[in-house]
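Only one structure is covered here, and it is reproduced in the block below.
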Amino acid sequence: QEELNALVWCDHTDPALIEPFEQAHNVKVNLREYEGTGAALALLDQSRPGDWDVLVIDGIDVFRAVEAGILAPLDGVSTEDFFPEVVMAENNSVDGVMYAVTEKFGYNTISYNADKVDPADMESLATAWSDKYQGRISIYDYYLPVMGLAAIAGGIPTAEIGADDMEAIGGTLSAMRGNAASVAGVVAAQTALATGEVDIVVGGGEWLTAVLAGDQPNLTWTIPAEGAVRWAQSIGVVAGTEKPDLAKEFVKYIVSPEGQARLATSSCFWGMPANAKAGEFLTDEQKAVLRWDNQPDYLARTQLYPAPDADLDVEMQDLWLETLQQ
Amino acid sequence: MSRDTARGWGFVAPALLWTLAFFVVPFVVMGAMSLATLERREVVWGLSLANYAELAEKAYLWRAVLVSLEITLTVTVVSVVLAYPLAWIIAFRVPKRWQRLALLLAILPFWTSYVVRSYAWLLVLAREGVVNQTLMNIGLIAEPITLANTRFATITGFVHFFVMLLTLTIYANLVQLSPNYRRAAMDLGANAFQTFRHVILPLTLPGIVTGAFLTFVLCIGDYVTPQILGGNTELTVPQVIMVQLGRRADFPLAAALAIVLMGIVTMAYLACARWLRLDRI
Amino acid sequence: MTAPVTLRGLNHWFGPFHALQDIELSIEAGEYVTLLGPSGCGKTTLLSVLGGFIEPTEGRVEIGGRDMTRVAPAKRPTTTMFQDYALFPHMTLRDNVGFGLRMAGMGRGERHRRAESFLDLVGLADAAGKRPHELSGGQRQRVALARALAVEPDVLLLDEPLGALDLKLRRAMQDELKAIQRKVGTTFVHVTHDQEEAMAIADRIVVMNAGRIEDHGPPARIYREPATLFAADFMGEMNHIPARGTGTATETPFGLLARAVQGRAVACIRPEALGTTEAALCIGAAIVRDAAFFGTHVRAHLVPEKAPDLTLTAHLPPASLPAPGESLTLWADPDAFRVYALED
Amino acid sequence: MRALPWAYLIAAFVFIYLPVGALVLFSFQAGGLPVPPFEGPSLRWYAEITGDRDLMEALGNSLLVALGSSFVAVVLGFLAAYGLARHVLPGSALIRGLLIAPLTVSYLIVGLGLLIVLTRTGVGLSLVTAGIGHVVINLPLAFAIIYASMGAQQQNAERAARDLGAGEAQVIWLVTVPMLAPAIAAAFFLSVTLSWDEFIIAFLLTRFDVTLPVEIWSLLRSGLSPRLNAIGSLVFLVSVTVVLILEILIFRRKS
Amino acid sequence: MTAPVTLRGLNHWFGPFHALQDIELSIEAGEYVTLLGPSGCGKTTLLSVLGGFIEPTEGRVEIGGRDMTRVAPAKRPTTTMFQDYALFPHMTLRDNVGFGLRMAGMGRGERHRRAESFLDLVGLADAAGKRPHELSGGQRQRVALARALAVEPDVLLLDEPLGALDLKLRRAMQDELKAIQRKVGTTFVHVTHDQEEAMAIADRIVVMNAGRIEDHGPPARIYREPATLFAADFMGEMNHIPARGTGTATETPFGLLARAVQGRAVACIRPEALGTTEAALCIGAAIVRDAAFFGTHVRAHLVPEKAPDLTLTAHLPPASLPAPGESLTLWADPDAFRVYALED
């Protein structure tokens, strides 16, 4: 039996997603989750060619992977049925060559408990993390989206964040941190929300609250007036793979409507499928949770993750850790 | 070399080689790595102190060292102070035939998965968790207080684990003492406290110090508990190391942090080497 | 500095196990008493009752005329010397010996002076600064003694104090222990299972068995006229000769003894009471099975012709070693026999 | 005053059982979140986890790594202890120190060092590498426990066996190992426990096949759910059963 | 089944420590020899050299006439019985006793039969299926003996075989050990530091001190005419009387002895050789310091008037216990004295 090695985010580990592919192609898909592009690049750097076949990566980091020679050109994967805003050809290609395709997207914005806070306050970033909610805020523990939100709150487009903006962003972060009770990972943030530990999660979104919605419908999320950060993950074939065809088949499966529907509602976290045709395989409830119908509006008002170059990235991480540890 | 010695080497060699290959060599490589630098995601070997300089420079790095030290020392002291009376009571107050059971009960939770145990504390300490509910029910507090996602939570999680561990070691130390020491002291007019202070404590000191040292080592190097319970509002050294690995794959800086951690443990070792009995656990 | 001890109607149970049974005993002030008995007979239990480590289920302990049954060890005028000595390994000898004084609140200088004088008493004045692990077994034993004596107890309780020493050292320490007791005048209650030690040292021996006192009295009396067969055996080697009581006398294979018992009985005689010099009772010819030189005597096993199933042990004069197979004529003094009736 | 120790004992047990109690209770939660209020008993989460392929695979992997690494650690530890206790070796104090040394080093450092070396020598990460890491941390314990129990009593029995014509292998197999069985079993048991529960080394040194703590860690990052309670409780109940069986067996044997 | 042993010019060093010094010894086939000496004198070392556990630095070991100096324990016709018996706790008695036979490749059935016959020899035929921990000390000792004998060694080496037993049992086992040796005829070399045991059991005693042989010979000879002062002391209690050699005779406080030594000397006499019945030499009046009843005799410490610095120990007849302070007149046979010159 052939094996396919994929370096992925946790949503790909759902058997409901993988097993149909395994059966169809009689292969075993080995999955390794990772956190943070840096770790994935380091892992791939240290591997021998052929160790890995498929890579799921943050959309904004595709170019870094290409620079590092990690992704192979990807052709023949159709993006026709995709939401146009998330095809993001400029992100997924370098020098006109396509290396990856978007597979899933969603938002880092404000999640909150509608019973405990004034929903009107949540419609503005400035009021969402204001002193009014001191001690009732949790910040999602990933620097890029949160700093993106801070930038958006300060009127800086995420795509244009530069070293000069660090001070402004730092100031906003600091204020946010001052009002926050914790800086939390997924479960900690969910626990905090579910148990009333906090009422607002900055950086949250559908991926955070969807699983809680069934039991606590008062937990919801919104995209404030200033906008929010949009995340998108891409999938591509790793350079040097010994099974380029199988790898491409896998990519194709993931971006197919069925694959997309399964990925969107994967057990680890939910998110919008890049392929609009996936809607045919989703139930109405699922669509409601994903807010399928609001997507045109959301897509228009949100900005992609900041995509810092290596130096700026280090600076941003330092600033982030500095703020945590203050 | 005599034949006996040659045979002896034969027996020791596998363990020794294993330790050399998978402990000493990695350790040395890590030391070397801490002197390398990261340039454009490539490790450049060399003899640079840049990582250590960065450590001294960046507040979040050196503060992590302080945070780790504070938490670890607190945990060690609190655990010993809580575990000693427990071990004492089990050894000297609980009737002989119930002692095994009491001890077994005291360490059974040890067998829940460590990761899950930390998570369980998160549930217990939550705003609507058991602790807050109880405190409110008995009227000690009016409003729930924030316990989860704090240093207090981290320390609680640690103390829970190490109290179990230390109770076991201290109990073992107490019962292996001849009961005649206690009898002799009392017979010569010492009261219970004096017996403890002048006789039992000094006699169990090596055991306590050994247990405390192991607590120190395990606690200062642990990533899971502060990550789950600490709320990320302050980072310990292992957390910072994992950030260096996970987000930016900065192995040299992570190695330098590890070396610093090792330095702290070594100092702790030297501080209590006089009483340590590591080869008799 | 010394006090009498009276035990009345003591009974103690460990769960269902009756460890001490109807113990009645009076010990005079300044007396040296040994509790002698086999392992598990309750010696340590009795001593623990005296020292206050065990509260007896029934009965009364009086020390110096006052009821002490429920008084804690620390409050009693007794001190115990433990079999393993229980010296505090982390303290110098001086601090070990001074421990009781320190607990009594005595100041440092005075305490050290006193501790050293007690170390002097046991011949260890030079070693005051050493720690127990630097000492030999005999020296540790002395420190334990000094520590126990330093608090000037009325009664000193010693649980197999010489048990850990080798035979030679043990015999030497016996003399020393006795000499020190003479000097300080304290009542000593000394547990042992070695009857030679008990005889060498005690003013009075209390023979225990299975939780009861079988016999008590001065060593010579217990050796020569033990009250029970158990005591007879425990006090030294004894030849057992099956006998039969006629009500007015006792029949043995070697003739009639003037002892009034009835039914199955056993006549006992010690090896040294059998001899080759003529005496009132003739045991008759006996064949030497083996013989060994023991310095002061030759110990021989002999099979008497009158009772070929029996093997007698006799102590013969050390001058000549009889060869195995040799035939000797044995004699004994009829008064040297003790006869015990056996229950059927 | 007399009640104080008992009050302390009870308080201590409450503290010790607080998280376990909460964990087990909410594993039977009927609702979707393991937080109060308790919505009534249900076994759905147990059904869910036992049906979870990854989780069950991870359980198997954990067992494999724990048993395998403990076996290696105990064998190596035993041989080293035997060699040091029964043969004259120059620098034996140094060797002992070296063998014990990993005990004084945090798991994270052991894992990080191995990660650096393994990835740089091109040895792929797998359950085997995690097992290697676990042997590193368990070897000192196994060695220390077995070495400490190698007393004069065994030594004389070994000499007796040799005197009666046994070769060294026969001595070890027929005399030393059976006599040290309690210590060897204790070392093995402790080693299994530690390996079974170890997270950071397994996290750093595995790739596709992961151990249970690592799988639980992934679960933990993927959302709040009573599944976590259920898997934790299941591990607890199974371990407790094993411990109790062992305890009863050993206890029975002793008395 | 039995063989003579010859040791020639044995020397052994543990690092700088000279543990065995110029040992020369011949043991006849079937002889029962005890090595007697204080702790640390090298008894175990010598036995280990015999058993092959230690290769001597110098010298030669011959067993049955063949050089065995460098032969491994397993290959020698010797078996050792260890002080703690070293029984295998995880095996039944049958398997313990059969272990040597199993190593020799004997089949299971035959082996069990043989093992059981040896258990029978030591009186434990019924217990073949038990394990060592179910036995008493004395029974374990017998199993160890059976195990050692089962391989039918020419020479059996016993390292303090009775050391772990209590006194009573020890004396009983001595007889048994001797009886078994008689039966099997094997050469026994038995280490002990208990001189009574040595006397009770040995055909010949070898007295060792600090790595040397001080004296060797039959028990009675060594007891009565020890070659050295050390041997004299070790074989039993001895009174030391300071003396001075005139070259032709020896001056003591109690008169002249016909022993030709020169310079500072010591005259020795055993306690049982001092008595109150008239003899050739009058020690004179002596004050009783203390006296204790020992069953077969009364042991008294006395201070002689002619030498008030001295304390003499005497064994007096058990009939009467002299009171402390009483004055007795002591007598001795001048031939009972041994005189040893002292180096200055």
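Which chain is which? They are A, B, C, D and E, in the order written, and residues in each are numbered from 1.
Everything below uses one rule, namely that a residue touches a chain if its C-beta (ideal position, glycine included) is under 8 Å from a C-beta of that chain, and two chains touch if they have at least 3 such contacts.
Predicted model, so just to flag it, every value in this text is computed and none were measured.
Relative to the C-alpha centre of subunit E, the farthest chain centre belongs to A. Comparing chain pairs A-B and B-D, the larger number of C-beta contacts belongs to B-D. Separating the centre of subunit C from that of subunit E, both taken as means of CA atoms, is a distance of 26 Å. Between the Cα centres of subunit A and subunit C there is a gap of 88 Å.
Between the CA-based centres of subunit D and subunit E the separation comes to 53 Å, rounded to the whole angstrom. Multi-chain contact residues of subunit A (touching two or more other chains): 35, 43, 185, 187, 191, 195. None of the residues of subunit C touches two or more other chains. Under the contact definition stated at the top, the residues of subunit D that touch 2 or more other chains are 35-36, 120, 220, 228.
By the document's touch criterion, interfaces exist between A-B, A-D, B-C, B-D, C-E, D-E. On subunit D, the positions that touch subunit A within their shared complex are 31-33, 35-36, 52-54, 119-120, 122, 124, 207-208, 218, 220-225, 228.
Residue ranges on subunit A touching subunit D, taken from their complex, read 5, 10, 13, 15, 30-33, 35, 43, 46-48, 51, 185-187, 190-191, 194-195, 211-212, 214-216, 267-269.
Subunit C makes touch with subunit B in their complex at residues 51-53, 72-74, 78-80, 82-84, 86, 88-90, 99-100, 103-104, 147, 151. Across the interface of their complex, subunit B is touched by residues 34-39, 41-43, 45, 68, 135, 138, 141, 143, 180-185, 187-188, 191-192, 195-197, 310, 313-314, 317-318, 321-322, 324-325 of subunit A.
Residue ranges on subunit E touching subunit C, taken from their complex, read 39, 166-167, 171, 175, 178-179, 193-194, 196, 199-201, 218-220, 223, 235-236, 270, 272, 290, 292-297, 299, 301, 315, 318, 321.
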